[in-house]
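Here the structure is laid out as C-alpha cells; the discussion comes afterwards.
First chain written, first letter: the chains are A, B, C and D, and each begins at residue 1.
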C-alpha cells in the first residue's frame, strides 16, 4: 500500500484532431505522463456521457474528453453537439456531487502536439494532487466487483 | 396474568441481545422512506407505521445478492461463492402480513432445490411480530383469511397494551422462546389489557375470485385488458410485495474477473419473458398483469396450496396509477354476481 | 356550470360526435384523495370523470402506448399546461402527430381549478410562453436550495443516501411521458453500459443516466417523483437540468411542436468556458 | 422426489466448469460445441442424472447463462454437445469459444423423454431448422440401441439447404438401411444440386404418410411449424398422447424459482421441457 499513487486517467478523443495531436506529440518525441489510456473515437459527437460513467465505473481517477476546435470538426458540427451535451452533463455531475476537477474537456487540434503533451502532464499532476477518486471507488467496492482499469 | 414487555425496557433488551451476539432489526423511517433496518437504540423504532413501505422480503432475499466471484486466467477459472451471513438476528416489530409473506415463500425456495441464500437467513432469524392495532384503507389481510394478529410465520407475537406502554408476549416457537429467554427477567407479569386489534374489512370474496381464476376460458377474458389498461409496467408492486420472488441472474465484470448476482426481477417488465428471437410469450401489459394475478392466486395455490399474497396491500398503496391486487380481485368477484 | 360539469358535457360531445375515439381523464381512486387514470370510450363513461386539484398526474404517456394512435383516429386527453408541453415534445420527437390529440386543458396552479381554452397543442402557445417567462421566478424549494449550497462531498453523500433507497422498479421511467424508448439503455446488454443491479453504483448510474436523458426534455410534471415508491426527490435533479438548459441555452422544453430538442441542436457561439 | 434433485447443501446457482473439446460450424450462425466436465465429481453427477430431453444452462462468466437442450443422447455421457444459434450476449461469446476454452454448465434440469416406453414401437421424428438438436438427442438414444425399436422415420426440414444442421449425421442416417430420412427445404431454399424434397414440413410429412400404428412421434420446431404439423399428424391419425414435443422459454434459474418460464401453471423448467401434444393442448395458447 505504500506505493505512491499513480492516477489512472481515461481520455476519450476524436481521431481527426486530438488523436492526431497525440500522434504528433509522439512523433515529436515529446514526453508526457504515462497515466492516460486513450480511447479513440470517430468524433466528439460520438462520445456519450455513458462512456464517462463507464470509465468511472471501472475505476478511473479522472476522465478527459477532447476533440477538434469549434469549426474544425471533420463532420462539420459533431463537436458543437458534443459541447452542449457536456455543458448539461457537467451540471448533472456537479449537482450529484462528482467533483468537476476530475472530468476535463478540451479542444486539441492535430497541430497541437505540444498542447496535448502539456495538457496531459498538467491533468495528471492535477489528479495526482487530488488523490485517488475514493468516493467513487467506495461505490465500486460496495458492488464487490473489482475495478479493472 | 400475562407476561409483558414494557417499552421502557426495550433498550435493555437490545443491549442483552447485542451481548448475546444477536443483531436487531426493526421498522425504521429514514430519509423519507420506511423499511426494516438495523436498530441499535429503542428510539430508532417506528412502531407507529401502519406498515413499513418496503417489505421484509429484502432481509431474506436482497434486491441484489452476490452469488459467485470469478477470476479467469488462461485455461483456469477460479470461483468463490458468496454465502448468506450466518449471524443470528431478531426482527422486532414485524407486521403479521410480512411474517406470513415469508412463510408463503418457503415452499417455493425449497421446491426440490433448496435456495440456501433464503433458508440460511430464515434459520438465523427470529421474527417478533407486533399485532396491528391500526390499519389503513389498503390493508386487506382479512380478505386473504389472515388477521391483524395472525401468527403465521412468526416466532413471537406481541400484542400492544391499551395504554401503549408495552406488549403482551406470546411465544409461538422454540426459536422465539430461545430468543426471549435472554430477556426473560426483563418481562413482567401484569394484568394490563391488550389494545383491540385493528378492524380490517373484508374487501373481496376470495373464494369466488379463486374459482373464477381457475376457469380456463377466463384466461383470455376481456377483463384482463380492461383492468390493466392504466398499468404503466413499472415493478413497484412486485418489488414492494412480501411474496413476489422472481429474480434475474446477472454478471457484472469483464472477461477476467467479476461477480454473478441474483437481482430482483418483475413480471411487469416487458423484457422478463422476451426470447432472444424477439418472440415474447407475454408481450402485452395485460398479459403480464394476468400473469401476476394468476401466479399468486391460481398457479401458486395449485403447487403449494397457498395463495401467494398475505394482504399487506402495498401493491395498491404505492401504485403510481392506483391499481393493485385489491381492485382486481374486487372487480373479479363482481363479475361473478 | 362547474368545470367538472362543463368538461363532462364536452367529453360526451367529443365521444358521441365521433370526433375522438377515447378521452383520457381522471376518475375516482381507492381513497377520497386519490385520482386514477380513466379511459372513456362511450359518452356514459364521462359520468365517472372527475376534475379537481387532486388531478395532478400527467397522463400524456398513455398516448404513446403501443397501438393507440396507429389507426390515425383522434384521442382527447385532459392535461395541465405541463402535459401540453409534453405533447409538444412528443410531437417534436415524432412520437405522435399533434393534430391527432385533442386537448382538454385545465390548470391547478394557485388555489383554484380553472379551465384553459384551446383544443390542440398549438392553441396553448401563449400560455406556455408566459410559463417560460415566469419559470426563473418560481418560488425556490428550501431543500433544493440547501442541496445547491452543499459542498460537492456533502451533495454526493446526500444523493448516495437517497439513491441507496432505490429498488430499481423503474416507476420513474415508466411514469414519465418522455421515457418512451422501446428498449431502455439500462435494458440493453450488448454492451451493458449501466449496472442493472440495485447496488449503490448501479443505483447511482441509473439515476444519473435517467436524469441526463431527460435534460432539456423534462416538463417538471412530477410524475417520476410522485411514483417513486421510496420517495427519492427526483424532481430536484430534473429541476437542476431544466435550470441549466434555460440559463445556458435559453431553452424551455415543450414550447411548440416545431421547437428543436436542445441536445439535438446547437449554436456556434454556445458558451464553452469550461473547455480547456 | 424428482430424480434430478441435488444435495440440499449445494449452492444451486453454482455451475460446473466445462472444457470445450470440439466445435463445429453447422449452418450460418449455428454452432455445435462438445464440452467435457473438468471436475470428475460433477461428471459423475451428470452421468447419474442426465436423461435425454433434459436441458442445461450454458454460460460464460462475465456474460451470463443461456438455456438450451443437451443435444447429445443419454447413451453418450462422456461429454455434452450443444447446438445453438449465435444471437444474444452469451451465445455470441460461446460461438467464439476455441477448443480448450473453459465455459460453464448448470444442469441437467427438467424432465425427459420416456424412452423405455418407446421400446418395441415405431418412431417418427419431425424437426424443423434449429430444432433438430433436441430431436437428435432422442434419435441417437434410440439408434444407439436400435434393436429395441421398430421402424425409424426422420422428417427434417429447414429454410434453405445451408440451414440444415448436423449435415454429416444426415448423410450417415441417409446411408443407413434401418433409418428412413426425409429431407426437405422450404420452397426457394433449394440449391441447384438439391436431390431431396422441396416444401414445408407439414406438407412433406403428409406426403410421406407414416403410419400411426404403434408409432410414437417426436416433434420439435418453431411454434408455427408445430401448429401445422400437429394438424397434419392428426390427419394422419396420430393420437395427441403419442406425440411428444419440447417447449422452450426464457429461463434464468432452471430450478423453478425465478418465475418466468411458466406457460399457464406449468413451469417449463421443472415440469418440462418434454410434453405430449395432449399436455400442450391443455395449456393456455395465449401464454405460449
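Heads up, the rule we're going with is that a contact is a pair of C-beta atoms (placed from the backbone, for glycine too) under 8 Å apart; a residue touches a chain by one contact, two chains touch by 3 or more.
Note that this is a predicted model, so its numbers are computed, not measured.
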item	value
Of B-D and A-B, pair with higher C-beta contact tally	B-D
Geometric centre: closest chain by C-alpha means	B
Centroid spacing, where centroids are CA-atom means, of subunit A and subunit B in whole angstrom	45
Distance between the centres, which are taken as Cα means, of subunit D and subunit B, whole angstrom	39
Separation of subunit A from subunit D, taking each centre as the mean of its C-alpha atoms, in whole Å	50
Separation of subunit A from subunit C, taking each centre as the mean of its C-alpha atoms, in whole Å	34
Residues of subunit B touching at least two other chains	248, 250, 252-254, 256, 258
Sites on subunit D at which at least two other chains make contact	88
Residues of subunit A whose C-beta touches two or more other chains	143
Chains touching one another, given as label pairs in label order	A-B, A-C, B-C, B-D, C-D
For the subunit A and subunit B complex, residues of the former touching the latter	143-146, 148
Residue ranges of subunit B touching subunit D (in the complex, touch as defined)	67-68, 70, 72, 75-77, 79, 81, 108-109, 111-116, 216, 219-220, 245-251, 253-256, 258, 260, 262, 265, 267, 272-277, 279, 281-282, 287, 291, 294-295, 298-299, 302-303
Of subunit C, residues touching subunit B in the complex	29-31, 34-37, 39, 57, 61-62, 66, 161-162, 165, 167-171, 173-175, 183, 187, 192, 195-199, 202, 223, 226-227, 229-231, 233
Partner subunit B, residues of subunit D touching it in the complex	1-2, 5-6, 8-9, 11-14, 17, 61-66, 87-88, 91, 100, 102, 104, 223, 248-250, 252-253, 255-265, 270, 284, 286-288
In the complex with subunit C, residue positions of subunit D that touch it	88-89, 92
